[in-house]
Amino acid sequence: MVRVVILGQGYVASIFASGLEKIKAGKLEPYGVPLADELPIKIKDIEIVGSYDVDASKVEKDLYEVVRAYDPEAPESLKGITVRKGIHLRSLRNLPIEATGLDDEMSLKEAVERLVSEWKELKPDVFVNVCTTEAFVPFESREGLEKAIEEDNRDRLTATQVYVYAAAKYAKEVGGAAFVNAIPTLIANDPVYVELAKESNLVVFGDDGATGATPLTADVLSHLAQRNRYVLDIAQFNIGGNNDFLALTDKERNKSKEFTKSSIVKDLLGYDAPHYIKPTGFLEPLGDKKFIAMHIEYVSFNGAHDELVITGRINDSPALAGLLVDLVRLGKIAVEKKEFGTVYEVNAFYMKNPGPGDRKSIPKIIAYEKLRQWAGLKPRWL
Amino acid sequence: MVRVVILGQGYVASIFASGLEKIKAGKLEPYGVPLADELPIKIKDIEIVGSYDVDASKVEKDLYEVVRAYDPEAPESLKGITVRKGIHLRSLRNLPIEATGLDDEMSLKEAVERLVSEWKELKPDVFVNVCTTEAFVPFESREGLEKAIEEDNRDRLTATQVYVYAAAKYAKEVGGAAFVNAIPTLIANDPVYVELAKESNLVVFGDDGATGATPLTADVLSHLAQRNRYVLDIAQFNIGGNNDFLALTDKERNKSKEFTKSSIVKDLLGYDAPHYIKPTGFLEPLGDKKFIAMHIEYVSFNGAHDELVITGRINDSPALAGLLVDLVRLGKIAVEKKEFGTVYEVNAFYMKNPGPGDRKSIPKIIAYEKLRQWAGLKPRWL
Amino acid sequence: MVRVVILGQGYVASIFASGLEKIKAGKLEPYGVPLADELPIKIKDIEIVGSYDVDASKVEKDLYEVVRAYDPEAPESLKGITVRKGIHLRSLRNLPIEATGLDDEMSLKEAVERLVSEWKELKPDVFVNVCTTEAFVPFESREGLEKAIEEDNRDRLTATQVYVYAAAKYAKEVGGAAFVNAIPTLIANDPVYVELAKESNLVVFGDDGATGATPLTADVLSHLAQRNRYVLDIAQFNIGGNNDFLALTDKERNKSKEFTKSSIVKDLLGYDAPHYIKPTGFLEPLGDKKFIAMHIEYVSFNGAHDELVITGRINDSPALAGLLVDLVRLGKIAVEKKEFGTVYEVNAFYMKNPGPGDRKSIPKIIAYEKLRQWAGLKPRWL
Amino acid sequence: MVRVVILGQGYVASIFASGLEKIKAGKLEPYGVPLADELPIKIKDIEIVGSYDVDASKVEKDLYEVVRAYDPEAPESLKGITVRKGIHLRSLRNLPIEATGLDDEMSLKEAVERLVSEWKELKPDVFVNVCTTEAFVPFESREGLEKAIEEDNRDRLTATQVYVYAAAKYAKEVGGAAFVNAIPTLIANDPVYVELAKESNLVVFGDDGATGATPLTADVLSHLAQRNRYVLDIAQFNIGGNNDFLALTDKERNKSKEFTKSSIVKDLLGYDAPHYIKPTGFLEPLGDKKFIAMHIEYVSFNGAHDELVITGRINDSPALAGLLVDLVRLGKIAVEKKEFGTVYEVNAFYMKNPGPGDRKSIPKIIAYEKLRQWAGLKPRWL
């Protein structure tokens, strides 16, 4: 059994909850879940035990009601869990949403205590963080982090940074827990947090779930690299109509993407081919199904110039939600293996910015086989 | 030193010769050559010692003149080799080319003897077969093959089938040689030929050089498979203006492509997703730079439907020619290692239809690491 | 009021019937109907009074049942019309459908009489022909046509050729009717049929409804032509999963597409740029939503080479069905205007192969304004 | 004979000069010149008599040397014209170019006098303005404009605004001239300038030459509009590596594009479909050959949803340069016709933002026929 608490009951978390329940009920194939039936912990063993949000229209609502707004076919088995009030710390700033949070009512220190105490009742094994993309600054020292909490320094901290702090406190008290950070805020890449996790019996997976065009770009670049084709330039656009794209039109918030290893191109090719890779715009009618376009130009043998163009329509939230079904189970497994801190073998496959900070990007197909090895599964193709 | 004899001095062989000489002269980077400087045998150690063709306008011409028709910037270092008369056996049928071959002047048995005797003078280590795509029937028994040669059964044999037979004879006499079969005719996948090779100190690599859209499709399918996305359908078109596309408009010849493992989809996905993957047409102004278009539709988590479209302009001949620069060196290495017969580790990366016949397709990135291992190189990403 | 008889109750006719009823009921916007509310005859004035088919599983069924197989949301207002037995004459050959037709029970001459007699009861103003694409040979003389009917020469005639013959007989008797030929069989382009129509008070519109990639290609070519860009080559692929694509895998039937003016390229550019434009393949899971891909390369000023690639997913049947909503009304209008024979102004916009046979293709945007003029509407942009 | 003075000897003007001379020498077909040989004034009658720039590395150089930097095959017939010093007024701000201008040496009023005096020697019929895209504010009154010049208000004026002012002065003195404004600065759309032109015997064509993806988008939207398909959303990206894309990364400058009628969507569709249409980024290796990507989603008949994706590589400068070969001739013709002020019939086809300000965008194919009519040519397709 894996008991899961969701932090941020938005599109991704709602598709996760809805798809999970449908699979458990045998109504849906586990497509989009990489390790589907292969792990020792089965999908039917996952149980959502709590959910937090800071959208005033969601807090205190039944999870079923909230999920149904994203997926009209949400199953009724989601009924019975009430969405609780989380921490916002400006995370909804500039979005057309009314925010409400524990931080409106008490100090951050008190909020952390409140959360830990709630979690000791809910008894989660794994936290899944799918908050809105935040504008953040990584921490440089443990003291800085502790001081910011202590002094209630709301300008220095983001919701995610407080949630992980609280999760570490909780894990230390109960003996172990995992935190899946699926958004760009640096956690598994921030040595301060990895150290805190190690000391607290916390596993952190992160950062920034590897969905959308980037993992595909990575595999196409690997395809070219292994044939020693010389990449001249890479342009990658994507435009969507969900809240995540809306949030990225906010300049400060968009900067958080800059902390994502821009070294994917260099890591895979061995040189830094000129590239333009960033979220491009917001266009509401596209909804959650973003449009991606990619152009790659390279030199082949005898100086020949080739060109590839990839376009597509990709559902943003399901792509990440499917990975979460693996990640919560792998989180529990890592806790059982007592691999506290962070686990590169997991991050390398599932994350855009795999922690710890000093590890390079590798082709996802290779990462996939390394992941299987870590998880004790037999190689698929190796 | 690797001494190379070319069989079929068309587009691919001419780009191979031209690019090779430019790299040797330090005028060109070895882009498009996967293992470039990594192998113990260096590119500058490759020497073309002979070339065969059956186009009346090429036979007896200087190699430089022939190559220059394909690459106006061919280097003069190609001067001094005369293109010799090979075997055609209908291989140019229906093409707007006047054919001339040893088979017009003597029996096949005599032609084989003539070739072996010429080769004993030229002393090649490796044969590179880049004839025009043939309409062929694989052999079911060694006796059948021997009998067809003996009885001069020209309707049963293709040029490639005779060339490998002659190469085996030559390898047996000189103690070892390699034959790189870059076209679809089944050789490394035909147990009769693999057995013949083993007995004759011949290494055969094949079949059908892995260029163009198919290896990319393979990597994209692997990308989806490892995420457990369910592929609904795959359409892949390509159209070009070189002789290879012209030849494929000939129905009988096109059938030879049918022997290519159509199991790539099943091998990689684990199920046989409906697909339409075949060369589509001939459009002269496209020349050697073909246009490819691919459409893939799949199911992601929670039943979401995604779509990918890949289009591109890809130079056909350089893609294969770059691989040949590795293959001739790997051929020599295999002979040195006495790995006679065929070598799956090499075929799996470089060939569309990797022999031996009972081996499956695997993702090319995995094949690449296996190849490196076989060649004694350190892993790149593994 | 326009009374309509459908010939061939397949995908297109079913979407036509379903969409028409939804629009009439105010449940659907008339998107995809070019002249929507602009014509003096309104959409609500169209009434389907009869339907013919030769698929044994459809004949004698209620129209509602048949349509629902194509559109699960078909409105119940379709109930009450029984699908009648038409003429097949091999039109379903090689398709996985059991055919049944009047021609199985009587001579063609008798079948014609039967149809005319039924129609005199149904009193249609307009016939819409959306049979499966046929393998046909145009008629060279009126005598040839009359003789083929007289002598029951089933190998010489197709269903469409017999239907128009019957419609002409009917029109002559009742004083006027229109026949919309939406499939490639040459009718509006066959002088024999146009002459027959003129004498019989019949209007024929045709041939081959202008849907899919070709009209778009036409407009893109016009775009280039008016800028005097020199087109080097055009490749256009399309693949789909409906019966129309299945039928086109039948070689003989595919030939019928060859009668379609291949002169569109020459008509619009002023020279015959090399092109490859044909239906490419059948891939069942694509269903009615075909995938198209187009590549165009051209020379711009100062010798610069540009490239355009267009891809798309397009619903095949609705595109044609929407045009039919205009065509049946324009048919009635043409009858009222007594423009018997064929009407280029209508054909030029709505048809791929606009009759009469000696008229050229023009850019669709120009054709659109000419059509408006003919229909007495004010110019939109001119 | 048409005597031309170029304002801004960058990429477009250099390709214009080079291509023009090659066509005049019979070495190049006039591809990309819409009215090529059709106008009464022939291409060979165009003569470049002067060129102005503000790049310190170009001023005082021979035109041939400057052009050769953009086109290595520039013809030597360009020799003999010296590039003169123009006005910059911050137009190169933030670009990696050292600027030098008359405005560095004298007041704007004096600069205008200097230009007029030089022009009275050069005797141009037509000015072609292809300066770098400027950050500008349109003028609201003639007094404002006169006062800004008089008071040497350099923050209020751009180079283009001063050039047109000077050209008007010149035209008034010599009896007539034309000014082709190929950049976004509002001139033909600014009533103040149109009025000034009318009074001064000046013809102004403008604004913003219609090249690249936007005219194609316009024709695709017209294609959909005339079929009454309902457009849900339009995304259009483009990325390039020339100075124009570099300049657009400057936020203030990019704003100048905002004055371009964003009403193209509404004008053509009849409603303002949600759209994202803007230059997207700078990627140096793409050079002058930009990459465009466009996604359009629409509703067809019976509620069916279709999608089109257009991608391409398009040479930016030749596309505009080819139009200039027509525009300078049409400028002379308009002067001869004494159509002072601006000419919608010309602007509607050649400009993205056709003046005067109150005129709508129309499909380019229609604009083309109207242009032909204005120019006294027979209709092409109408």
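Going in written order, the chains are labelled A, B, C and D, and every chain counts its residues from 1.
The definition used in the following text is that a residue touches a chain if its C-beta (ideal position, glycine included) is under 8 Å from a C-beta of that chain, and two chains touch if they have at least 3 such contacts.
Computed from a predicted structure; not experimentally measured.
S.K.: If we define chain centres by averaging CA atoms, which chain lands farthest from chain B? Would you check?
M.R.: So the chain farthest away from chain B turns out to be D.
S.K.: Please tell me whether C-D or B-C has the greater number of C-beta pairs in contact.
M.R.: C-D
S.K.: Which integer distance in Å separates the CA centroid of chain A from that of chain C?
M.R.: The separation of the two C-alpha centroids amounts to 52 Å.
S.K.: For chain B versus chain C, what separation do you get between their C-alpha means, in angstrom?
M.R.: Those two chain centres are 47 Å apart.
S.K.: Let me have the rounded angstrom distance from the C-alpha centre of chain C over to the C-alpha centre of chain D, please.
M.R.: Roughly 44 Å, centre to centre.
S.K.: Return the residues of chain D touching two or more other chains; collapse runs of consecutive numbers into ranges.
M.R.: As it turns out, chain D has residues touching two or more other chains at 307, 309, 311, 313.
S.K.: Thinking of each chain as a vertex joined to the chains it touches, would you call that graph a line, ring, star, complete, or other?
M.R.: Ring.
S.K.: If I apply the definition of touch given earlier, which pairs of chains qualify?
M.R.: A-B, A-D, B-C, C-D
S.K.: Spell out the part of chain C that touches chain B in their complex, as residue ranges.
M.R.: 232-233, 235, 237, 239, 274-276, 280-286, 291, 293, 295, 297, 307, 309, 311, 313
S.K.: Report the residues of chain B in contact with chain A in the complex, numbered from low to high.
M.R.: 15, 18-19, 22, 28-36, 71, 215-216, 219-220, 222-223, 226-230, 289, 299-315, 318-319, 321-323, 325, 362-366, 368-370, 380-382
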